[in-house]
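These are the structures, in structure tokens.
Each of the next two complexes has subunit A plus one more chain, namely subunit B in the first and subunit C in the second.
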Partner chain A sequence: MISAIKRSLDAFWGRGDAAITIPSMDGALRPNSLLDQAPALVALPSPDNLVVCAGEILFSSEDGLFALKQAGPSSEKRHVFDKTIACLAAHPSGALAVGTAGAIMLRGGGRDGKVFTQIEGRPLLCPTALAFDGPDDLIVCVGSRTLQPEDWKRDLMQLGSSGSVWRLDLDKGSAVCLADGLAFPYGVMLDSSGAVRVSESWRHRVLRIEAGSAPETLVGDIPGYPARMSPSADGGSWLTVFAPRRQMVEFVLRERAYRERMMREVHPNYWMAPALRSGGSFLEPIQGGAVRHLGISKAWAPTRSYGLVIRLDATGSPMVSVHSRADGVRHGVTSCLEIENRLIVACKGGGVIASVDLNELDKE
Partner chain B sequence: MNNSDFIAKWRYRLIPDHIIGEILTKEWIDTAIPVLMLVLSVAVFSILLPHFLTLTGMVELLRQMGELTFVTLGMAVVIMAGGIDLSVGSIFALANFTTLGLVNYLQWPVLAAVPVVILVCALCGLINGILVGYLRLRAFLTTLATLIILRALVDYLLFNWGTLVVASSPDSDIWDFLSFGTVFGVPFNYLSALIAAAFLHVFLTRMRPGWHIRAVGGSRRSAHNAGINVRRTVCFTYVLSGVLTGVAGILYAARLDNAGTEAGVGLEVVALTAAVLGGNSLGGGRGSIPKAVLGAFIVALFTNSLLRFSLPSGANPLAIGLILLIAVATDVRWLKNRQKLLSRVYVSPTYFDPPPLLSTDPAAGTPYAINNKLREAEPIGLDQVDGAEDIAFDRDDNLYAGSRHGDIVRFLAPSYEKMETFAHIGGQPLGLHFDAEDSLFACVSGMGLYKITRDRQNIRLSDETNRTLFSIIDDSRMRFADDMDFAPDGRVFFSEATIRYDIFDWATDSIEGRGNGRIICWDPRTNSSRTVLPKRMFPNGICMTGDDVSLFFAETWAGRINRYWFDGPKKGRVECVIPDMPGYPDNIRRASDGNFWVAMLGMRTPALDVAMKMPGFRRRMAQRVAFEEWIYPNINTGGVVKFDINGKILESLWDASGEKHPMITSMREHKGYLYLGGVYNNRIGRYKIPGADPDFNDRHLYWGKPK
Partner chain C sequence: MDPLIEMQRVTKEYRGVPAVKNVDFILQRNEVHALLGENGAGKSTLTKIMAGVTQATEGRMLLEGREVSFASPAEALGQGVAMVFQETSLVPSMTVAQNIYLGDEKFFNRLRGLNIAAQQFLQSLNFNVDPWANVAGLGAAKRQMVEIARAVRQNVKVIIFDEPTASLTPEEKHHFFSLIKRVKERGVSIIFISHALEEALAISDRITILRDGELVATDLTSKFNRETIIQGMVGRQLSGELYSRKDRTARKPGAKVLSVQNLSMGAMVRNNSFSVYAGQITGVFGLIGSGRTETAKIIAGVQKRNAFYGGEVWLNGRAVRYRVPAPAVHDGIVYVTEDRKLEGFFETQSIAENIYTGLLAANLNTGLLVGMGQIKELADQWVKGLSIRAIDSNASVIELSGGNQQKVVIASSLVQRPKLIIFDEPTRGVDVGAIAEIHQVIAKLADDGLAVVVISSYLPEILNLSDRILVSRLGRIVEEFSPKQATEAKIMYAAVH
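Moving on to the complex of A and B:
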């Protein structure tokens, strides 16, 4: 009862849970333009899911699986699937797991051709991230029980929290639920101690799930929505953030009548919601600070899309970051990979795979 | 329209929320709180006390109020200069004793005694004034010391001669008049207090020494730097306080004929309460005489009425103390939070149902289909212009534009490369038009309608129109003159975009969605302006249709273009000609083929259109979300549309990428080219219209071709 009164008072004053303040990007997250300045390797629509499989770099672009050629900027198409590839995972033995809306397929490494369409009785509508835990177990992140991966915007606007993380036994097909009730888990990685790290997008944090205990927050209060993670050379990890948090979007998330009406009457591309890319059509909503004066678009203007990759150290504290700001185009970063001394970044919104020289980053 | 929309529409139409914000901008809002308290207390007491509002009751009340009002006036003047006078209680007692001594004991005539008493009290005030004003001692402690010393003096005098001064009473009509005389039913002492208050008010607000008092209270250092004699001013306020307290003492002596020791005890606290309760700020500089009178009235009302409740002793001072506490707390909080409260409640969105959003898809095949034609426009004044909202041409084809700094700049024909400042007006010049004598008429936002003659003389044509009767905002002044056009008989019709906002937050008006603007007509024969069409949604471009009796005007945020008949058989009628533009129309100008160009300064977005039907959402957004994060009309893309006299859309020109001309606020066709202006753009564009008349000058349509 008391909490209900407190909640309604908070909603009236705009305080507490109804507060729409967001953490500022400062310190390790101070904005720069390194992602925009990085040379491009490949330009393809919606590149995502960079993985290393049997010594080569694979990525997905819509429904195609591509390999990145090490020598020179180009790519080679390997396979075309019947639906958009949502997630990929690779094992050093050569096994590749491909997730699409409705199924997880295995290629190579002894279980070639095996397909999973359900997980413990629930149809696999929305696999958002995969990771191999040894050759026989696959960690599967399901973003939502009812929506597909492309409808992530609707899941956010409906304040969805029906995501779950499973450990799937690839031989038996049975699965153990590691966590349930998550708000869109979008990235998964195993850390050095064997615990599972999951990035929970709509709660803008990274969770750490140890076997047998409840999930705990490893990195909280991220000023954006986190996506996939990959290990870095010094024992830490790289975390991609695919869209920024905005005061206006936080406000819309707390206004139910407006949200429902907007979802009913307006096309998802034109919602006041985070996006992988913005500015393409004038039907998209703009915010006051984004108005162009004298031909200049300010770098700090509020936008619904942003490019951000953060390096975390072994304990999860942010160390450095690579940005593409409001005046850039390399937005919507969902996946990255550290190879030798370069960071390969897949900008799903910008439609390009770029390569950031890490020596330059350390000099910053 | 569904149910919730219907309810929202009528709720916002019937309940005028915007009034709250407008009232808070008024200067007199500070006095509103004590007035409210007064009304409330009168209401409460008239319910609780049976004969409260009878005439005899009121007369008795007013008689006692007169003395308190005098002392409060003096206290208020001292407070306004930044000081405080705690010695008024003792000065009052001294005046009482001295009056009784002179009139009763020494049997002086009243008219001789009064000036002497006033002189004595002025002397006491002078002591305060020298100590605080010239020797710069602290006001609080000094007047406290004077209070104690004078009280001791009065006690000594009363001890020795107390019985003597009340032994006899004079037989004087004036004395009787002072004690219980009335003028038209109002007791004389309260009437004299009101007259004194009137004189003091005029003195403080309209005469130089009064301004000096307020200046010293507002900022002592600045007053000193401005050359005001701060010490003399402060000393004067204490002398004035002494004088007024002396008058109060005389009236008290006449009324009660009492030389008791309790005369004036605690009066300083009551006077302070009254002054602060009325709204005079303790810090100085902010306050007025009406507030002091109001405060005295309320306090006297309270104490007198509480007496009638026969509460235990001590209840009265308790009540006074509590009132003082509340008054001081409110004073401090109000001063700090008024601006914050105002900024939160001023934006008052209302319900607006936008017309359906037409498609601009190239595949749709409508005249609104997006293209990139304006990409070919050449730049004029690239990175030199700043705020060129409109463009005009003189008879030598020189190009004139406004600037954000209040200049009219011009580019010399035929290359338009050299930019020079033609004149400086101020404000932000918006609509520009030349008349037959080559004078440039300009609508200057923030100033009004101006004219610049050929030899660069600025003439103010109009900055004032008739005030609407029930408008709280003083809409007789013009904040946002936008565009204008000439009627055949020389009258000028011009638009005022909004009466609630200025040029720097003009887009906030889009969040409101209310008809805050109007169309005004200036008549050169009477040299005055009159509002002809009130309550329009950001009226912007104005253009004559060519039939000499009607004009087109754009309502920007509503996305529509209307036709208004100002003459002829249909005079006064307004018809909507284009109800559903996909963008926000700005200025309208005439084309060479008899049709019309309209600039679209931005495009409508579905997310904002949904929000226009939800005023509660927009109001909460305006209160909680930072200004740069608000959802805004998309003024990063603009275009130009051509339509005919019936409102049929003929073609549209765009810069789809928004690189060169993100927003287009005005365009003018001149000699085969279309010139594009945008108030936030860094250039003026010049687009060659294929197949257009190479000799066209729109001034010929108004003034005929020059011979």
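Moving on to the complex of A and C:
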């Protein structure tokens, strides 16, 4: 009763949950232009999930699976699937798990060709991230029960929280639910203690999930929508953030009637919603002086897209970050890998895979 | 050589302690003379003797060759010597015209006639001030204009300015300097006290430097440069201590102490967001009116944010909303004001009482009754710790120089055992020697693990002190720089565009 009254008062005054505030990008998240300055390895449409499989770097780009050749640099197409690849996971043995809207397929290893279309009776409509937990188990993030991965914007605008995380037994096909009711889990990795870390995009946080206990928030109030994670050499992790939080979007997320009408009448590319890339059309929201001043793009403009990778230490505290700001183009970062003091970053929005020299990051 | 004022071996003692010792000073006719020195060097005392505010203990003063001794400022004014104090002596509730003619009113006054006369007079000086305007609503520069107009109207021969530019914006300063030139063209001589050495070098014809109440040097401005002035003022090279630590390593951030999210207050603070970390000095630069002070005051509970959608302030992960400063102080937030004379201390109270008042405000005092010995003991610790130069801790704060007053304000804040301390223009109106000492105090606080915020309009100070530099514009933080990245040009660009 009291909490209901408090909610009503907060909604009236614009306080508490109704404050519509977002944390600032400063301190360890201080903006820089390292991502834009980094050399591009490959330019392809929508490069996405990066993995290391049997010593080579693989990545997805729309429906194609590519190998990244650092010499050159260039890419080599390895396979084309019938649907857009949503996520990848690789095991040191050479096994590769590929998630698309509706299925998870295994390639290589002892279970080559095996396909999972359901998980405990639920259709695998929206696999967003995968991680091997030993050779026999696969951790699966399901972003939504009803929508496909490409419909992530709609899931956000519907305030979706039907995501879940599963441990899938690759031999038996059975699965154990590790967490349910999540708001678009979009990244998963195992930390040094064997616990599962999951990024929950719409709640802007990273969870630590251990068997038999409730998920614990490792990092909260991230000023963006977190995506996939990968381990860092210092025992911590790299967290990609595919879009920034903006007050306008936060405001729209509180206005149900507005959102419903927007979803009915406006093309998703022009919704007041986060985006993997922006600035391509005059139909987009947030334009004019908010973004450009005297013909120069403002680095601090409140654009809907951004490029950000954060290094977290073992305890989850942000340490440093790599940015492509509002005036940059390498936005919509969804995946990264640390390899030999370089950070390979897939900018899905920017259509490029870049290689950031981590020595430069230490100088910042 | 045509001396207008000549001070010969002038000495002034307060309670047996000399503030000025055997000083010789000559003001030539039709010159701008800069009087420089650290706080406590005796500049104000010397000029106060000239203006009749106080009288010399020894020595004599000649005005146009005649020996004079003024018993009051009114007497000095009658002889053509006016002094414009740092805090203007205008009556805020009266109009500009009324202030200009204050003390000169007839038995029956026609307000319209007064305004017309004031307007004509202001126009003759080329001062763009509305005579009908209420002084309370004027900016610092326009108040200075009214003050100057009032002095010039008395047909004075000498105007003494005490720190006239301390509270002016860069544009206002520019305007003020052109006023000085115009007043000089009318045959008025000017004595100009300032801590801004560049201003003295730019505007004056001659410079006199005082140190510890004694004359150190007096010569044509062309014979001085910044280095020689500083050396004359403090008696040692200070360039190595001041504004030259750009190549130092920035402190690593500790835990996030403060997170300000979309803070709003009227037109002054608009959607302001930033964080402050323990063990670091967070420098905030911005032009006047960029909302830095208002943001700091909202955080510390001195001002209130917007009632509707005013944003949030998180202190150590807890949302806080202070309506008065007391709970903020209790939670460890301390704001050191930019306007120390108005908000920083009780000027008639002693150093000890002022410092103890800080303790009382934080509710850290023990027991209902407090002995004066206890108050003095606490004060003595801080007087020693912060090198506050005073006869003893029972001296009134009003008797102290600006730098020492600032140290008292800092001491009364530090006794509150803050976790987050916000310094707003910590070295405004403070001499170079005290600046170096205050900078050391601020740096030590950060080294001790406190979260420190320094708000300053002076770029070298921000560049020298800060571990991270935030730039404020139009009521919000628009950019952050590391000390390595930051240059004056980059910071200024972010502050303006």
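As a convention for this text, the second predicted complex is superposed on the first by the 360 of 364 C-alpha atoms of A that agree within 3 Å, B and C clash if a C-alpha of one lies under 4 Å from a C-alpha of the other, contacts with A are read in each partner's own complex, and residues count from 1 in each chain.
Here, a residue touches a chain if its C-beta (ideal position, glycine included) is under 8 Å from a C-beta of that chain, and two chains touch if they have at least 3 such contacts.
Values in this document were obtained by computation on a predicted structure and should not be read as measured data.
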Superposed partners subunit B and subunit C on subunit A - clash or fit: clash
Touched partner set for A:His293, first subunit B, second subunit C, both or neither: both
Partner chain in contact with A:Gly212 - subunit B first, subunit C second, else both or neither: neither
First (subunit B), second (subunit C), both or neither touched by A:Met262: first
Partner chain(s) touched by A:Gln247 [first = subunit B, second = subunit C, both, neither]: both
Larger contact residue set on subunit A - subunit B or subunit C: B
First, second, both or neither for A:Ser24, with subunit B first and subunit C second: second
Residue range of subunit B overlapping subunit C upon superposition on chain A, of 188-196, 224-232 or 494-502: 224-232
Residues of subunit A contacting subunit B in one complex and subunit C in the other: 14, 20, 247, 293-294
Complex contact set, residues of subunit A against subunit B: 14, 20, 246-248, 251, 255, 257-258, 261-262, 265-267, 270-272, 282-295, 301-302
Residue ranges of subunit C touching subunit A (in the complex, touch as defined): 253, 256, 259-262, 271, 273-275, 277, 307-312, 319, 321, 468, 470, 477-480, 482, 484, 497
Touching residues (chain side subunit B, partner subunit A) in the complex: 383, 386, 507, 603, 605-608, 610-611, 613-614, 617, 620-621, 623-632, 634-637, 658-659, 662-663, 680-683
In the complex with subunit C, residue positions of subunit A that touch it: 13-16, 19-24, 26-28, 30-31, 221, 247, 293-294, 298-300, 363-364
